[in-house]
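Working notes, beginning with the structure itself.
Naming follows writing order (A, B, C, D, E and F), and every chain is counted from residue 1.
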Amino acid sequence: MKLITAIIKPSKVEDVKAALTAAGVHGMTVSEVRGFGRQGGHTENYRGTEYRLEFVPKLMVEVVVDEEQAWTVIDAIVESARTGKIGDGKVWMTTVDELIRIRTGERGVEAM
Amino acid sequence: MKLITAIIKPSKVEDVKAALTAAGVHGMTVSEVRGFGRQGGHTENYRGTEYRLEFVPKLMVEVVVDEEQAWTVIDAIVESARTGKIGDGKVWMTTVDELIRIRTGERGVEAM
Amino acid sequence: MKLITAIIKPSKVEDVKAALTAAGVHGMTVSEVRGFGRQGGHTENYRGTEYRLEFVPKLMVEVVVDEEQAWTVIDAIVESARTGKIGDGKVWMTTVDELIRIRTGERGVEAM
Amino acid sequence: MDAGSLAWVLISAALVLFMTPGLAFFYGGMDQGRNVLNMLMMNFYCVLVVPVVWVLVGYSLAQGGSGNFIGNFDHLFLNDIPILDDNGGKLATVAFLGMFAAITPALISGAVADRMKFSAWALFVPLWLLLVFVPIFKWVYGGWLGDRGSLDFAGGTAIHVNAGIAALAAVMVLGRRKGWPSEGHPPHSMPLVMIGTGILWFGWFGFNAGSALAANGQAAQAFMNTFLAAAAAGLVWIVVERFRDGHATNLGAASGIVAGLVAITPAAGFVSGVAPLVIGGIAGLICCYAVKLKHRAGYDDALDVVGVHFVGGLVGSLLIGFFANPKHFDGAFDAGIFYGGGLGLLAEQALANVAAIVWSFSITFGLMVLLKRTIGVRVSDQTEAEGLDIAEHAETAYH
Amino acid sequence: MDAGSLAWVLISAALVLFMTPGLAFFYGGMDQGRNVLNMLMMNFYCVLVVPVVWVLVGYSLAQGGSGNFIGNFDHLFLNDIPILDDNGGKLATVAFLGMFAAITPALISGAVADRMKFSAWALFVPLWLLLVFVPIFKWVYGGWLGDRGSLDFAGGTAIHVNAGIAALAAVMVLGRRKGWPSEGHPPHSMPLVMIGTGILWFGWFGFNAGSALAANGQAAQAFMNTFLAAAAAGLVWIVVERFRDGHATNLGAASGIVAGLVAITPAAGFVSGVAPLVIGGIAGLICCYAVKLKHRAGYDDALDVVGVHFVGGLVGSLLIGFFANPKHFDGAFDAGIFYGGGLGLLAEQALANVAAIVWSFSITFGLMVLLKRTIGVRVSDQTEAEGLDIAEHAETAYH
Amino acid sequence: MDAGSLAWVLISAALVLFMTPGLAFFYGGMDQGRNVLNMLMMNFYCVLVVPVVWVLVGYSLAQGGSGNFIGNFDHLFLNDIPILDDNGGKLATVAFLGMFAAITPALISGAVADRMKFSAWALFVPLWLLLVFVPIFKWVYGGWLGDRGSLDFAGGTAIHVNAGIAALAAVMVLGRRKGWPSEGHPPHSMPLVMIGTGILWFGWFGFNAGSALAANGQAAQAFMNTFLAAAAAGLVWIVVERFRDGHATNLGAASGIVAGLVAITPAAGFVSGVAPLVIGGIAGLICCYAVKLKHRAGYDDALDVVGVHFVGGLVGSLLIGFFANPKHFDGAFDAGIFYGGGLGLLAEQALANVAAIVWSFSITFGLMVLLKRTIGVRVSDQTEAEGLDIAEHAETAYH
């Protein structure tokens, strides 16, 4: 099994969720993160003092999937999260040794 | 070493912490995440407009443990986080190449 | 490629970011987490009722880097995040199978 | 003005000033976290620009002289408003009315939320004040509509119907938010909404009971009415919710309170007894359905200015035609249908509202088209997707 | 009522209305983020339902006629309350008292937090108002307790002792929260608590000084007392904290302020000089220990309604027996022990509170048992674990 | 005092009390989330300790007798302040002034934010009150400065210039925050800042117009001036921002409003017509640049107490020398330059401010040095890095 981790733009989360559902994924976990990268952040101005906020709000999407599904899922994320502008984010994949569903104790693909 | 990642119900965090401590784990990292899965979310109603909130508040618990400990820890989480209802969450395990304690530079099991 | 995950003190994030930039890293993802460990938390007192807050605010920094860079990056984090006091945090490393840039579809080191 | 009445008018004016921040929080809490500061700014901007315009020219045009349609220039720059004469009563009244002038355009901000350029709003507010608020105010208070006998105690027609219909015109030019109505966003901070609601109700006692411009029995009745109508409307709204949708909600309570306050505004000094409960209850019931109209009609009134202020104001204004009771007030106004007054007053109420609606809608529409053709009224799609706070104000609400 | 006094009563009434939202934020901030909206709703619900019940029947039963135990039906639907007579004074008074009626049951919400079904609360409030608040109010203001000479300026016995002991009865029937007392939850938003505290103190000037029902020396003294007692109590509370627990806290300051305000409420128009400092200081000291009683006694009074309102109200009410000074007020009331009045007044104070406690506790207990046996008073365990906001109101505080 | 005036003074006093929480939110929102409770506590502490000190000894020293430099001990413990005489007017005035005494040291908290030990603050406030506030208050209101003819309607010199320069002295002793100015932190909650701003403006009507100590024409003019100057200053500030920095911001609007309120404070009862617009506009313009001074001069005035209160107060106080117009008020004060009064009044204004500045700066500096040498004034570096809320108050703002 693989863990796919995607950093995406917050406004894209609905699209990504739809694409993942379409790709047969039935679960995922999302968290709010702040990203630093090429996109570069923005400047805020308070009483004439400029603050350079280099971190940009992003969402992290984590999905555990079956090995065969992995590339379909990655492609689905990449396509649905793309706007073509800097800061669209990254996707990475790591190997999961085991997955367990807490409720039932089922393991592996069963647990998804 | 293994990284155990668990998605649990927020109201279970104290139980999980207790179980992990009992299992000999002395450190862990918790974050607030939103989950999408079978549990399905809920509906909110604002001035008669319904919003379907598909994401459910969850906590993510991350623990790095020694390989031998891994299954004890997983079992401890699974048992302590279980309510038997849909949405209890998942646990997954990945392989950690190295762990370092920032304060001392100790590595591996020493660093836990 | 490797994923370096570091749990650090919130007040150290600017130093870590500077050190990573100096080490040639151009992107990272940061999230707010709560840590449990030796550092032990603190006690709050509300109307004479004590609450033991065992979780301490921490930041999690995640960076995907090239295998060769990995140890330079780890060292940079360890050095910049160290205060020498309990609770400085941990760094761990896992193996990344693949990394993709959403915007362009580039893969691997190209995608960083 | 006796000292007691002056004290009452002054504190009432302060209460009405406080309502605009209250409105900002009420709207801002309902908005998304990435647009809340734009919403607050649209409201606070009104209390910055309107007072200046008001004392320079607005008051004079709205109240100067005895014209039927528009005032004159006698009081430019507060000229000829005495300080000591009448124990400061005149001056206090000018300030009190200035607070009303400030909150009226602010009401519109809830409709245009999440997509209007702040620069366009910055021009819209003073222009709308002079072109729409000022003439309608004159018609109602000292012009042809008031003279014909229509009643508007604290600004049902002049303020709520007016701002409500202007909100509709504004969003028709502005267009819908991207994704609306299929995507929606729940309020980012309900506690902020409830803070706003608390301030609004508190301030509204000044708005309505202060409009007696004296500490007397009429003020006391307007006060009581403001208390009862808000409660009745809020209660009806959450009861409907409970049985229609399954849950009584905070936003329902808040919306009902505001709807009741809006509806009693025009009637506050003319009705008594159980009338405020009935007026509030009817307004709560109707508005609680009216906020759904936008989905059917397809106009994107983001925070329901039309459904609450236009509809609520109209309901209250027309109900005066039924409940007005001059006997209880020793008043020189017509009686409503239930007190033997026939249809005359109702007809006048209808006429006054039609006049205000036609003028407000058409001039606001034209003004928005003009702004659209010149400086543009909408932010870019990217700004809309990523939030107006950073793009328009270089600020983030929460760090 | 002269215009100055009417202005004072009207603004005081508005201030007291504002206190209920203030109380909602004070309690809501202390609550967890997943229950805050339920808390706000319990409070706002009081200002929706009580005004309606109050003018329909409550006021008449609480103040009509000259009965010793209960009023009559003379003023149903505000019947016979003149608008213009007495310059609106009567009407303003009815509204002013209605604000008190609304906040009294709201006080109880802090005790039953996090586990009471909203439907049960929705029935509890109007029933409790008529069965408990109304008779005790009549006894104290115009009935046998007041006639015997006991003193209660702005509602120490009638409101705080009453609501505080009712809170105890309610939680005894309702039972403890799951996990209490071993698990606990710190306040989810201390800034919200402090917003509530600020509003409460501000509003309490109307509550206490408005109870003079005139703009006169007694009102000024009640105002001064409201200022001083709150400050002294807050100061004592944080000093105790500093030396007992190591830190002076915001919640301590807030709790002390409220305890001082509660304690001075019954005494505000009868004491002067340093008495408010002493009364506030004693109340701060006692309440700061009294909030710990629940852990020993084992009743789960979530947000310390008993420890602050019951205890604070009782302390203030009994201290009148020492500090009341009719000479300073040209007043027709008995002197306290320190001003040569003997034990008589203290005995009357004790009797009045015992009477209120017995009635309030037993009727509230019975009412809660009745609700428990019929519609049920507690949410399901799952709702309790996951939060009442979503389950009871289909809303989330922050998105 | 007639009933109407008493009603006005009482509600004004309540409004000023409400300003201190307002200030707490204004400052607290600007602060970081880990220091916000320390900021709230510094402010709330002022309304706990000052009232006690005020009635025990402060008022007597500040207003007792006819000395030129300091009062006497005639009114210790409110001795000889009648309750019924003058219809409570005297007592109401003592309370009203006590609210001013409470907010003045609170103003300083914004400068010392994020690093001052709470224990040091706890001693600083009452000592500063007696050593700095009380004498300057006496000089201005009933002492040598007032007698020479300088004007200060509601506390420009006595409160804002005084607290502003004290803030400078305090931070010079206290030193800069770690990392300042290279690192900075944007406001953690702009909605909280705007809640504070709304409350401040609302309360300021009591602060300024209440200072007439009567419900009369001067109060009405002071009210109008408070309305206009805040609006003009806010407007100028955001216009400058828009053209200088590219965006009009909420914090700019809030800062401008406060700057305008500060500037009109000394002048509120002496100027009329367009003068408040001009005074507000000038203050907005100057303060919007003055807040940048600290970066050049290198003093770490965290939340711009110097730039807004010192500079704004000074600007307003000096502009009286131009705009004061006794004719409009039937007043027994000197005319300003624009009304034929010559340079005399301006010179007196300058002298009064210089005297206040010298005294306040040097005594505050000495007091801070004394505290530094004894109990210490700064938290540890670790506390500073990790936040004062947990270390100093054992509380966390948001859970």
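The definition used in the following text is that a contact is a pair of C-beta atoms (placed from the backbone, for glycine too) under 8 Å apart; a residue touches a chain by one contact, two chains touch by 3 or more.
Quick caveat, the model's predicted, so the values are computed rather than measured.
Within the contact network of the assembly, the step distance from subunit C to subunit E comes to 1.
Two chain pairs, A-F and A-C, are weighed by contacting C-beta pairs, with A-C ahead.
Comparing the residue numbers each copy contributes, subunit D and subunit E share less than half of them at their mutual interface.
Separating the CA-averaged centres of subunit A and subunit D is a span of 44 Å. Once the centre of each chain is set as its mean CA position, subunit C and subunit D turn out to be 51 Å apart.
Each chain gets one centre point, the mean of its Cα atoms, and the points for subunit B and subunit C are 18 Å apart. For subunit D, residues that reach two or more other chains under the stated contact definition are 2-5, 7-8, 11, 15, 185-187, 189, 195, 215, 245-247, 249, 251, 394-396. Touching two or more other chains at once are residues 31, 44-46, 53, 94-95 of subunit C.
Contact topology of the protein chains: irregular, matching none of line, ring, star or complete.
The chain pairs satisfying the stated touch condition come to A-B, A-C, A-D, A-F, B-C, B-D, B-E, C-E, C-F, D-E, D-F, E-F.
Of all residues in subunit A, those touching subunit B in their complex are 1, 3, 17, 26-31, 64, 94-103, 105, 111. Those residues of subunit F that touch subunit C in the shared complex are 183, 385-386, 390, 394-396.
In the complex of the two chains, the subunit C residues touching subunit F come out as 11, 14, 42-46, 53.
Within the complex formed with subunit E, the subunit D residues making contact are 2-5, 7-8, 11, 15, 32-33, 185-191, 194-195, 197-198, 201-202, 205-206, 209, 214-221, 223-224, 227-228, 231-232, 234-235, 238, 245-251, 253-254, 256-257, 272-274, 277, 328-330.
Listing the residues of subunit D that touch subunit B in their complex gives 30, 184-187, 241, 244-247, 249, 251-252, 255, 288-289, 291-292, 295, 304.
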